[in-house]
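Provided herewith is a single structure, encoded as structure tokens, for subsequent inquiry.
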Amino acid sequence: MTTDQIFVTLLLALPLSGFALTALVGRRLHTRAWMIAVPVLIATWAIAMYLVYQTLFLHAFGDEGLHFTLYKWVPAGNFSIDFNFAVDALTAVVLIVVTSIGMLVHVYSIGYMAHDPGRWRFFAYLNLFMFSMLLLVLADNFMLLFAAWELVGLSSYLLIGFWYNRKSAALAAKKAFIVNRVGDFGFALGIAAVWTTVGTLNFTTTEAGPGVFQLLPQALESGAIAPWMMTGIALLLFMGAMGKSAQFPLHVWLPDAMEGPTPVSALIHAATMVNAGVYFVARANPIFAQTPDAMSLVAAVGIFTAILAASIALTQRDIKRVLAYSTLSQLGYMFAGLGVGAFAAAIFHLMTHGFFKGLLFLGSGSVIHAVHEEQDMNKMGGLWRKIPITHWTMLIGSIAIAGIPPLAGFFSKDEILASAYKNGFQTVWTIGVIVAVMTGLYMFRLMGKTFYGESHVDPHIEPKIHESPRSMTVPLILLAIPSVLLGLVIGWPPESGLLHQWLAPVFEHATETLELHEAPFVFAGIDATLLFIGAAAAALGVSFGIWFFGLFGFTQRQVTVERLTDTFRPLYTASFHKWWFDELNDLIFVRFGGFVARALWWFDVRVVDGTVNGIAALTQSTGRGIRQIQTGHVQNYALGIAAGLLVIAITYIFVVAR
Amino acid sequence: MIDFVSGLPILSLITFTPLAGAVLIAFLPRERLNWIRWAALGTALIAWAFSLLLLTSFDPGAAGFQFGEVADWVPAFGIQYKLGVDGISLALVVLTTTLTWISILASFGPIKERVKEYMISFLILEVGMTGVFLALDMFLFYIFWELVLIPMYLIIGIWGGANRIYATIKFVLYTLVGSLLMLVAILAMAYTYQAHTGTWVGAFDYLTLHDFGFDPTLQFFAFAAFFLAFAIKVPMFPFHTWLPDAHVEAPTAGSVILAGVLLKLGGYGLLRFAVPLFPDAAHDWAPLVIVLSLIGIVYGAIVALVQPDLKKLVAYSSVSHMGFVTLGIFVFTEQGLHGALIQMIAHGILTGGLFLLVGVIYERTHDRTIAKMGGLAGRLPVYSAILGFFVLGSLGLPGLAGFIGEFVTIIGAFDFYPWVAAIAALAMMLGAAYLLFMYQRVVFGDLSDFLKGIGHHLTDLNRTEIVTLAPLVVLATGFGVFPGLLLQLWQTPVTEFVARLVPAALAFP
Amino acid sequence: MPTGVLADLALPPFVPFLNWAWDDLLFLLLAGIMLAAAVFVVVGRNIVRSGVAMMLCFAALAGIYVLAGAVIVAAAQVLIYIGAISILVLFAIMLTQSKSGPLSLVFHRQAWAGLLAAIGVALLLILSVVNTEWPLAVADRLWSVTDEVALLLFTDALYVFALQVIAVLLTAAVIGGVFIAKREESADPGEPAAATLERQPRPADAGVGGGEA
Amino acid sequence: MSHSLDAYLILSALLFGVGTFGFLARRNAIAMLMSIELMLNGVNLAAVAFGAFTPELQAHAALIALIVMAVAAAEATVGLAIVIAIYRNRRTPLVDEYSSMRE
Amino acid sequence: MISVDAHTILALLPPVGVALLALIVVVVDMYRPGRDRLLVGIAVGGLALLMALVVVIGPLPGLGLLTGAQEVFDGAYVRDSLTALVDLLLMAIALLTILFGPDYLRPRGLPAAEFAAMLLFAITGGMLIAGAHDLIVLFLALELLVLPGYLLAGYAKRDGLSTEGAIKYFLLGSFSSAIFLFGLVLTFGYIGTTNIGEIASSISATLGANGFKSLSPALLMGLALLTTGAAFKIAAVPFHYWTPDAYQGSPTPVTGYLSVGPKVAAFALILRLFVDALGGLKADWTPFIVVLAALTMTLGNLVAVGQDNIKRMLAYSSIAHTGYILVGLAAFGAAPVGSLAEQAGLQAVLFYSVAYSFMNLGAFAVVAALQRRPGVTSQLATFAGLGRRAPLLAALMLLFLLSLTGIPPLAGFWAKWYVIQSALQVGGWLTLLAVLTVLNAAAAAFYYLRVAVYMYMREPADSAPAVELGGQTRIGLGLAALGTVAIGLVPPVTIAVITMAQQAAQALL
């Protein structure tokens, strides 16, 4: 094993051992339960950064990246799956997000969870999550990725249900897992299809042999599989991504997942795990690139989710739910980006979004902390003076997500929209722009209702409001920095920034296959126009937000908002009720499914088992019936014998002898 | 290779050590409960140690059966006492010996009445189970097969729950119908052989019959009989209804063995006897079997969703999980078989664990109604965590053995016919649904009023219980992370199995 | 020509008016008596009379045996059936105090079915014997061979053997019959005071009780 | 008529049939016993008839008839003993009242 | 003239010896009345001696002074392997019955002397049937078998049920004897001989050349009458009516004897009559046997299912076993002439009889032992909690029941094994009969296990008296259990019985 390989292994081993240790002894550490998990994570982060540096800056592993096998995992005949890892540019980029935010969230949690008796479990779970997420990012074959995929689902389940005695948390955790399983159902079948088609599950071609990304296009080319099969494979795989990244119609679990502690929301349900779908589709770009139909569907699902979620985010009252729907919406953007072929842009947005959404969630956590676990924005207001660091960092995050230049969100989002337009997806672009307006609006609605205007905080709590401890504010500040700068640093100039250079080898083939003729970005013409429209849309949205809900001292226009609400009452109601998706699901799965299950159970007991018991009962009743001939009367018996004699004699003489 | 093992009749030792223990216990005084208990545990541990010794000496690369033991038994019919082990049977034997001592240990507390008879029954049960896996003579196999029946009958019937008599008689009759028909098939097979070759020598010998090649008509009917016997044992839809009853009524350890080993007898029978002996018939029957397996998988899971009783839920989950076993066997692909086998082992471990855990809660509360539970996590954290482990393992979480079983089976099934895999994969969702639904209701939330009423009796796992569960946790994880340990063990026989059957591989639909 | 027993008698060869052989007449007469008596045995209300009718029936049958040339059988018939068995039966009738009674006491409810079955059996027997060519039979009946019978009885191994078996059989029947029929002087210890009857079905929980041995 | 084997055999069958009827129809144990005697006599008649018409069988038939009589005597002994025994218990000779055991 | 030579004496010694033994018992009782123990000693010792004598005389496989069939009295009696086997079996039955009879009779004030004497007379008859080679001897022997049987059934003469059973048995038995006798006379009149060998040669030479078609109506009628009579004696459905009542009413040890002794003898009769004499016509009577077998086992089992009285239940069970034995006969009938299957069928009949005798007698012995104290009924409820009250007795009962069920490796299993195997060797319709047999066996498990349920899974009634076993009963039970286990499990014994059955079957062909 080379040093780098050892580092990669350590990257997994550290959080795993952190999990194991914390699980075993964490309870005895009481308030210092973080003392294993957090240092471990910092070390992990350091190693990750080293690897990122090696990969991206030193280009130490070449275009292909570092590939190596730990051991043979599933040697089931010719279905032979290695436990193998890869570190290439894409991995490295995602590693940055995952480890950085992960590390910050760990630190943040020290303060946030300081008073929770279950903190040891919390840190154990967090480490388990980090292990799973890193495994997901590092995995070099479908099955291992799938395993990690499920493991992050598990961590998510555990963390959502962290406050297990809350029924809502338990239900949300279950829902998250099961909805994810729906996606994984497709994913697993997709993997099976891949293996059946090409006989391997390794992503890329290494010394060990050719990989899927080489073989599948070849198979298509050689006619070994029909194009629709390719589409089928891609869509099955995409199903998994939809589940994990909460895309319509599997988006229902994410808002409920906010039942978990806020750091979890920040880490898992905003910055990392939900990005797994995006990461995976980007990873599988050689497959998707072969099938335009699938690509279009990805784009459609993405952009539809974007606008759907944004529309819901506009009316939610729970601060974390607004952010959750915002996350959905942003993820929709990313899928739209993937679908239109702007893989790098999607990953770019993944990165920036990871930071600013992480920031926003942590900030909201800080707010919730400040107002004593109150999440309803109608019971907040005017907090900006009392928790200034939280306020300022969140303001930065809001501007970033709204897409106001030159903050990070602007670059990534506009790149997606511009690519959509240029790659011929005008509809996607149009909707995207509308969503951009809505983004500004709902973000500044959030800001306004939380921080500005009059305070609606419970008077008992009001005097106790104070800024969060340093372990919480420092991560906020640290996250605010990339939220501001990341776009400029790696995203400028658009479509040929640092990030694009890094990722170019990964998406090279896909771009070629899709025949996207990349004209270099020029600050004029169509490029500039699109850039301007994007910025303008963001600004419009933000302006509306400020207009309605205030900023610093600006007054809120409560009356206007109410009038507006009344005007669009049906729309408002629909949005407020999240377009009744939960109700629909409840109807279909809980009620109808329950009915079916009950009916089948009835069938099982009455029909299947009933047949078995019926045969037994029939035997018994036949026996009881036949018993009657045993009357106890000799004459009856004798008659029976005589009758038997007659039958035998008659048959002998008249039948057999005939 | 440890040399001295090759000189020992190691297979007979494994098989009959428990019998010796049973005889010993028969002579122990009835009141000395602890003597009896420890003697039983000791015997089971010795058998276990022998099986581990066998494991270390086994050569996975060698073809055919190893450590063969042959002696004439009824020469008039060519019946032999013939034992042998290959990778498949070895794994199942070790599973059996392991689960047996765990079950015996787990019975220390709950079984307080007629301990002597209980332990004797259990040890004889082990003889039968081990024998089934090791027998290479059809007749011997049948003897062991029936031998399993009586101890289980007693275990359910004597130490079971309120409705135990109904359950145990149902279990026996159901199994007996199948096995007696199988006996007819065995005899028909032997006779056909004898009629062809003119000699009884080898008429019951598995290896001889294996290569004999029966005519299609015989294959058809004999397969039907074998299949019925094994399908009942597995149990496959629609022959599964004895299982929920038996499980609900059986004592904890009985459930563990029932789910952990007895169901495997069916799966083992299918892949060791029904398919290789009658390959053509198996081929003809495969579509039906696959359809039944799929129905079992989905149906068992759906019905499990609405079970009010913990044990019933686990029982129906067994129907679903064992559907993967039969599916894997009958898609006739290498992966399918691998998957089926590892699913058997995984199901044995995981469901065994689940039943142990249900037993723990039953012992404390004398109830298994899910609706009455709730909030155990706060009161019984260790219990909840381990229950969580087994629930997750059972729903096929990667990293644990169940995942490998299901996934590899799905791969194999997809290779055979994609829609089959698609339907089987529904279990991924449904399994998560019913197991998590159960887990949520039992473990999460506030402590239910019913459990509050239990008071201080509601204690967390004690040391014995942890000792019984720990090996299962280790095994489930070990085989999830290193499934190669198992897969390579039976690679050789699996290859042989598949080589005999060329599946009518359907292309992508 | 009359043959057999009637041959020595100086009778007209045929019965006057009827033109029947004498022995045919005798046969018919005896057969008629025998059947009538037999029918009376089975339909008679008074069982004592039935017993007497049975004796008559056997006597008539003995006559037929004579007609058939089996004099020794006829003699045995008189000795054994009339002399022993019938008397035994009459004794049994006395012992059991069977009296005459209404028809319902005589015949079982399903007597009609019994009648049908009996007719069926008889009819089948008649049909089958009538439709059979007896390969060994000669045209006319033979005369008595009493000495041959005796000779055979003591020389043919089969009958010697059979005789021994009959001896054992009778011994066994007598020993057993005496045991069963003899009245016990006093109840032995452990015997339930009065034998009670056990009727089915009995309540399942009755672990003990009842007089069933 | 008395020279025809069939006549004897028919007579024998009739006697057997009458006995059968009696056995099937009568309720009194002793009457049933008598019916059996009638049946046995029917058999004897058939045996004698065969003897009368078959030279080789003549003596054999007579012996068979004698043997049957002996057996009948033994049967009667046993049967009457049992009848007496049960009469002592049940105080009735009607067989169909002996139906404590059924089904 | 009659020549009485050494061979004649040898051939006849066993039945004569038993008859003499009966007389000795009576005579001893006359001079020393009430000395039950002495009588039992004499009878048992005498029987043991005579059994040894049979072994010495033979002809048995590799044993005996006689090496082949020995015809005596001008062929009226033959001592061949069948005779020897049935002799041994009947004597063993008598021995066991005498062992456990007095313990039951004594408390009821019933003497052992007449019991033993009747029993010995009866088996004398049975032994004579086995060797009878002449219809007259056959009939006489049959009467000798059944007349003491009637008396034994009514042995508890002060008990209403016993006498009721006796009179039913007697009336129906006499009725059937009359029927049988008419058949005998018709056959005699038509063929002109009563010698079985001559009948057989006459049929195979001329009469039966074309099966039933070539027979005259009278002979067919005769055969029908003989069939009915024989079917009655083995209690085949629909001629079984007497069995339940007679069995239930009789004193329990007598029931035990009645369920095996007359049955074995009646099957010997069937073998002599249908195989020896009418073997040439088998193509035509076989369908009837098939139907009889199917009806008999099915009805027996169906009705046994609902019985609450164990004696009555076992009575119906014995009807069912008759059906199983008939399958062997059917197999003989359906097998091609001169084939191995022909022999296998007969062998199955004989083997089944042997196995059945031990296990059924054992079961009744347990019932008798339980009922030792007067007043204890034979209701199933009597068995409640026997597993606790008398573990050994319960275990023995379980053993016998399992053997009756056909659970390997007990004797009953082998019995079924042979029957099924012989049926399968023939194939065709007989295969269906074999399947029906095993389905019946499965159904039968229900009621056998019900007894086990009472023994092990029900609590004893509070008033349940303690169970004491008499010494003789112990020995008897031990011997029956030994037979049940050894025939199944000890290869030399199994082989010995098989070989004996085989040679007996050969002797018939």
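A, B, C, D and E label the chains in the order they appear, each numbered from 1.
Everything below uses one rule, namely that contacts are C-beta pairs under 8 Å (C-beta built on N, C-alpha and C of every residue); 3 or more make two chains touch, one makes a residue touch a chain.
Given the structure is predicted, the values throughout are model-derived calculations rather than measurements.
Where contacts are defined as at the top, ignoring subunit C still yields one piece in which all remaining chains are linked. In terms of the stated touch criterion, the partners common to subunit A and subunit B are E, listed by label.
Common neighbours of subunit A and subunit D, by the contact definition above: C, E. Summarising the inter-chain layout, the chain whose CA centre lies farthest from the centre of subunit B is C.
Of all chain pairs, the one joined by the greatest number of contacting C-beta pairs is C-D.
Farthest from subunit E, judged by the mean position of CA atoms in each chain, is A.
Centre-to-centre separation of subunit C and subunit D, using mean CA positions: 4 Å. Taking the mean of the C-alpha atoms as each chain's centre, subunit D and subunit E sit 26 Å apart. Centre-to-centre, using mean CA coordinates, subunit A is 78 Å away from subunit E. Residue positions of subunit E touching 2 or more other chains: 136, 140, 143, 147, 151, 154, 157-161, 166-168, 171, 175, 182, 186, 189, 192, 194, 217, 220-221, 244-245, 249, 303, 443, 446.
Annotation for subunit D: residues 16, 19-20, 23-27, 29, 32-33, 49-50, 54, 56-57, 60-61, 67, 71, 74-75, 78, 81-83, 85, 88-89, 95-96, 98-103 touch two or more other chains. In subunit B, the residues that reach two or more other chains under the touch definition are 173. By the contact rule set out at the top, the touching chain pairs are A-B, A-C, A-D, A-E, B-E, C-D, C-E, D-E.
Listed in rising order, the residues of subunit B touching subunit A in the complex are 170, 173-174, 237-238, 240-242, 299, 302-303, 305-307, 334-335, 338-339, 375, 377-378, 392, 397-399, 403-404, 407-408, 410-415, 418, 421-422, 425-426, 428-429, 432-433, 436-437, 440, 443-446, 481-484, 487-488, 491, 494-495, 498, 508.
Listing the residues of subunit C that touch subunit D in their complex gives 20-21, 23-24, 26-28, 31, 34-35, 38-39, 41-43, 47, 50-51, 54, 57-58, 61, 64-65, 67-70, 72-73, 76-77, 80-81, 84-85, 88-89, 91-93, 95-96, 98, 105-108, 110-111, 113-115, 117-119, 121-123, 125-126, 129-130, 134, 136-142, 145, 148-149, 151-153, 159, 162, 166, 169-170, 172-174, 176-178, 180-181, 183, 195, 197-201. Across the complex, subunit E is touched by residues 73-76, 114, 117, 142-143, 146-147, 149-150, 153-154, 157-158, 164-165, 168-169, 172-173, 176-177, 180-181, 183-184, 187-188, 190-191, 195 of subunit B. Residues 136, 139-140, 143, 147, 150-151, 154, 157-161, 163-168, 170-171, 174-175, 177-178, 181-182, 185-186, 188-189, 192, 194, 244-245, 248-249, 303, 312 of subunit E touch subunit D in their complex. The part of subunit E that touches subunit A in the complex is made up of residues 167-168, 171-172, 175-176, 179, 211-213, 215, 217, 220-221, 223-225, 227-228, 231-232, 238-239, 241-242, 244-245, 284, 287-288, 299, 301-306, 443, 446.
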